[in-house]
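Have a look at the structure that comes next, please.
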Amino acid sequence: MFFIDAELIRLLAFVLGVIGFVALNAAYLVWLERKEAGHIQRRIGPKEVGPFGLLQPLADALKLMTKNLITPDGVDPILFKIAPILVMVPAIMSFVTLPFSDTLVARNLDVGLLAVFAFASINVLGLLLGAWGSRNKYAVISAARVVSQNVAYEIPMLVIIVTLVMITGTLNLHEIVTLQTGGFWHWNVLKFSASPLMPVAFIIFFICMLAETNRAPFDMAEAESELVAGAFTEYPGMGFGVFFMGEYANIVVGTSLATILFLGGWDCPLGLFPGVHWFLIKMYALIFVVIWIRWTYPRTTFYGLLNLSWKILIPVAFFNLILTSAMLKVF
Amino acid sequence: MDTDAITRPLEAVPTTAVKTVDYKARGFHLEVSVSPQHLRDVVTVLDRTGFFIETITGVDWLGEKAALRKEAEAAAAAKAKAAAAKAAKAAEEASAEVSTEESPAPKAEKAPAPVAAPEAPKQPEVPQTDDLEAVYDFNRYDTLFRVAVRVRVPRDTPEIPTISEIYPAAHWHEREARDFFGFTFAGHPYMVPLLLPEDADFHPLRKDFTA
Amino acid sequence: MNAFAPNPTNETFVLNLGPQHPATHGVLRIKLVMDGEYVVEAEPVLGYIHRMHEKMGENRTWAQFMPNTGRMDYLHALAYNHNFACIVERAAGIEVPERAEFIRVITSELNRISSHLLWFGAFILDLGGFSPLLYAFDDREQILDLLETVTGSRLTYCYFRFGGVYNDIDENFEAGARAFVARMRERMPMYHALVTKNIILMKRLTDIGHVPAEMCRKYGATGPVARGAGIDFDVRKHEPFSIYPRFDFDIPVYHEADSMARYMVRMDEIEQSLRIIEQALGAMPEGPVMAEKVPKTLKPPKGDYYHAVETARGSFGIRAVSDGTNTPWRLKLRTPSYSNLIVFGEAARGMLLPDALALLGSLDLVIPEIDR
Amino acid sequence: MTAYFKEIISGTWSLFVGLGITIVYFFKPVVTLQYPHETLPMTPRYRGHIDLVWDEVRGTNKCIVCNGCMKACPSNCITLAGEKAEGGKGKVLTQYTLDFTKCSLCGLCVEVCPTEALDFSKEYNLAGFDEKDYVFDLLKRLEAKHS
């Protein structure tokens, strides 16, 4: 007889599902981005391939895949090839512990929040190695920017997370959402009983999320008017494609995390019909905002970003931490 | 703008010839001709009085000397012709009562040839080689006053001192003039081709250049 | 100034910015010696698209050179047309009919706005903002459509002739120009709200990229670069040509000498150009658009001539040497971007790469004009 | 200290204003034209490449072979030839070639023509694979149009 662990099958199904979800998201977020950018700029965006240009991502993927995978002269072949995977895989791994709904979660880890952040920090390593390995001056400048940017932004982000963990008292993502159920006034973003600065904390988290995923206005890593394509300058075809997908996967992780931590996950704003659809609505709304921001603002500079982090975000985050702990102690 | 305040220090520089120009017709106010040795003095005066440099224009005067010679010859011929005509007229007047209807014209036309011929080699001030000219255009921000500084050098040894320490802008203008005309700007710190390829050894704006 | 001071080390590297780089807007190459992200030395390398218009001018008649003028600064081609027409008119003593002068001013100012709009979009694109480019193009499209109805082309105009203009304008053009002035006045507050007052943009431009007045004088910088440094210099007022003295307009001058000042000068200039267009449309006389007595083969008298106009980028001067024949002996084209770019080498020293590129964008370079 | 907070508040406000502007445009109709599917009519003065004009009265072109356009062209892209008209006086055009690869669309040829035999075509869809496709035989084009 076959003794196959049911849990293992479930896990495999979930991993496959997650990979499919991520790939589909990465492809269609490109479509969404182009469409949204188009309409913001009063154009249509992709429209030729399929209805509303819906088949455009497939055409793009096909184009990228048929391109020759060149390994340029002088690059470190191992680092050069491993880097895109190092960006992609941790993003997929993060999904393992993200609860999409009450039941839809691959592994409900007790240290889920910690695991997500552990995986998220590998992403930077991938970019650094890829840039370093491709031996391009633009790429190396970009790598230096990515690393210091991430170091600067992990601090306010983690301070906000510490505040949140103090409020909820758990690192289990599923539990964090469960504590927020019952309508939008229970969500962490509006938990004024813990701290009156919770909306500000959410904004800081959101800004840090943008910076961590290298999205505009913090896209200094691939600032195309300065560094051509930054860390991806030397990457051809699908090497670039995987980086690209990894970036969008990271955005999905970031917005999912924001949904879970602050917006009540799968909880309905009015306490009715909770479920995965609410999670997806909130997540895509946040992604819409991310794209909307990208097509509105110019890019910051490197020192502008550090100034923002050290002079505004970190003090405010710490102030929020102290305020929260005081309020938790008092009430 | 007080023209005197500019012209006086400019005239103080040796070898300068300062000439006011009709602005309406020509588009600039002052024309300063100077020998290459004293160019820097003129430019220093302009810098001190607050001018900015607009551009350096090279002009190749190939064939100018030949044209001048021809012109001089023609002028001499005309002069001789006039003199001959006068002489003829005088002669005619003198002999008015003698010859009546005889026309003096054919005699006068024949006359200049022997007169002009010895005059042509009498032009030693026109040398054989043609000139390259560099025209430095200066202008002011506060009032309308354009100054054109002209320097002439022979085509085969076109050496002009650099003014790039006085006006850093000249750094590029001089490189450009060297590219296109082959001037040598003595003392220029970085004389590599600016607009032409690095290994270019031709000067396209010289009139004898053919692609 | 920068929040960090450069930390001098001996480890510099050379970064080749261009000839194909998104921020150089054409084929300009800048050899940067970098210390980390700090620019130690910046040397622009030119000549990748040099077409030798000056030699072309010596090989064709005065009239045949007119199409070339529009191809140097393709963004403000009409000003280049204008200058060449003016210098030949000055040399040959041709009087231009009044209506033609009005048409010249209106079309040239429309062209100036279109040039500034394109610069605006491209500059914000250099700074990483995408949408303002498309909004600016939307407005610029209106101008190009208008100019197309009267000149027949959209970019490299060859519209002015010695003694007038090629075509007369009609009521449709006048109505269109009036509508555009109204539309642009409505759009300017949007641009200021979306871009000028944006904190990110302000942080990127204020106190960055100083080009002070004395540096402008030493390098011969003109146009918005000089006006951003507090120099009240605009050829339209300073050395009036055409019928500009008849119009009531201001020269925007900012004293900060940074990238923001240059940005503001250009944005204010759009409004001033709108004022000129409005006044010119109101005072438009009737009459011919071509001078009657223009000789068929033009032979300006011997001598050299200078004429300058204010283009969108600064003072564009032509020094023409005529030998009395129908072809110019020498045509020297003094282009503003060329002089403005020389400043970059000194001004960019010690800056961070993104700031240096913001400075480069704020100089508003058109490469074919540098490599004329 | 107040400057610090003022900057935070005004800066944040400016960011929201920007978002407000772009979202308004997001819901406004698009202004672009979907080019190959939709086209705009060309303006009457549009300067395409030159074309010979058909003379309705005489049923031929208006050219009198004065070579004015050939001489006026700055880039020497016009070559034309004519022969003595049979019977009548003047000349008849036998060949008119425009090398469009050199043409800069300046219109000096149209302007110089004494009989208005030249005009701008309204063609702008000009793309091809061979340089030789752009050496137009204008006489043939005219005849093809009117036969």
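Here are a few things to note about the model shown:
In order of appearance the chains are A, B, C and D, and numbering begins at 1 in each one.
Note that a residue touches a chain if its C-beta (ideal position, glycine included) is under 8 Å from a C-beta of that chain, and two chains touch if they have at least 3 such contacts.
Because the structure is a prediction, the values reported are computed rather than measured.
Chains that touch both subunit B and subunit D: C. More C-beta pairs in contact connect the chains of C-D than those of the other pair, out of A-D and C-D. Centre-to-centre separation between subunit A and subunit D, using Cα means, comes to 50 Å.
Taking the mean of the C-alpha atoms as each chain's centre, subunit A and subunit B sit 72 Å apart.
Distance between subunit C and subunit D, defined via averaged C-alpha coordinates, is recorded as 25 Å. Averaged C-alpha coordinates give centres for subunit A and subunit C that are 43 Å from one another.
Multi-chain contact residues of subunit B, defined as those touching 2 or more other chains: none present.
Residues of subunit C found to touch two or more other chains are 131, 135, 138, 194-195, 198, 200.
Within subunit D, contacts with two or more other chains are made by residues 15, 18, 21-22, 25, 31. Interface note: chains touch in the pairs A-C, A-D, B-C, C-D. Note for the complex: subunit D touches subunit A at residues 8, 15, 18-19, 21-23, 25-32, 34. Taken together, the subunit B residues at the contact with subunit C in this complex read 25-28, 50, 52-55, 57-60, 135, 137, 139, 141, 144, 146, 148, 167-169, 171-172, 180, 193-197, 204-205, 207.
For subunit C in complex with subunit A, the touching residues are 2-4, 13, 15, 21-23, 36-37, 124-131, 134-135, 138, 194-195, 198, 200-201, 203-204, 352-355, 357.
Contacts from subunit C toward subunit D in the complex involve residues 60, 63-68, 71, 131, 135, 138, 148-153, 156, 158, 166-167, 190, 193-195, 197-200. On the side of subunit A, the complex with subunit D involves touching residues 36, 38-44, 47, 292-293, 295-297, 312.
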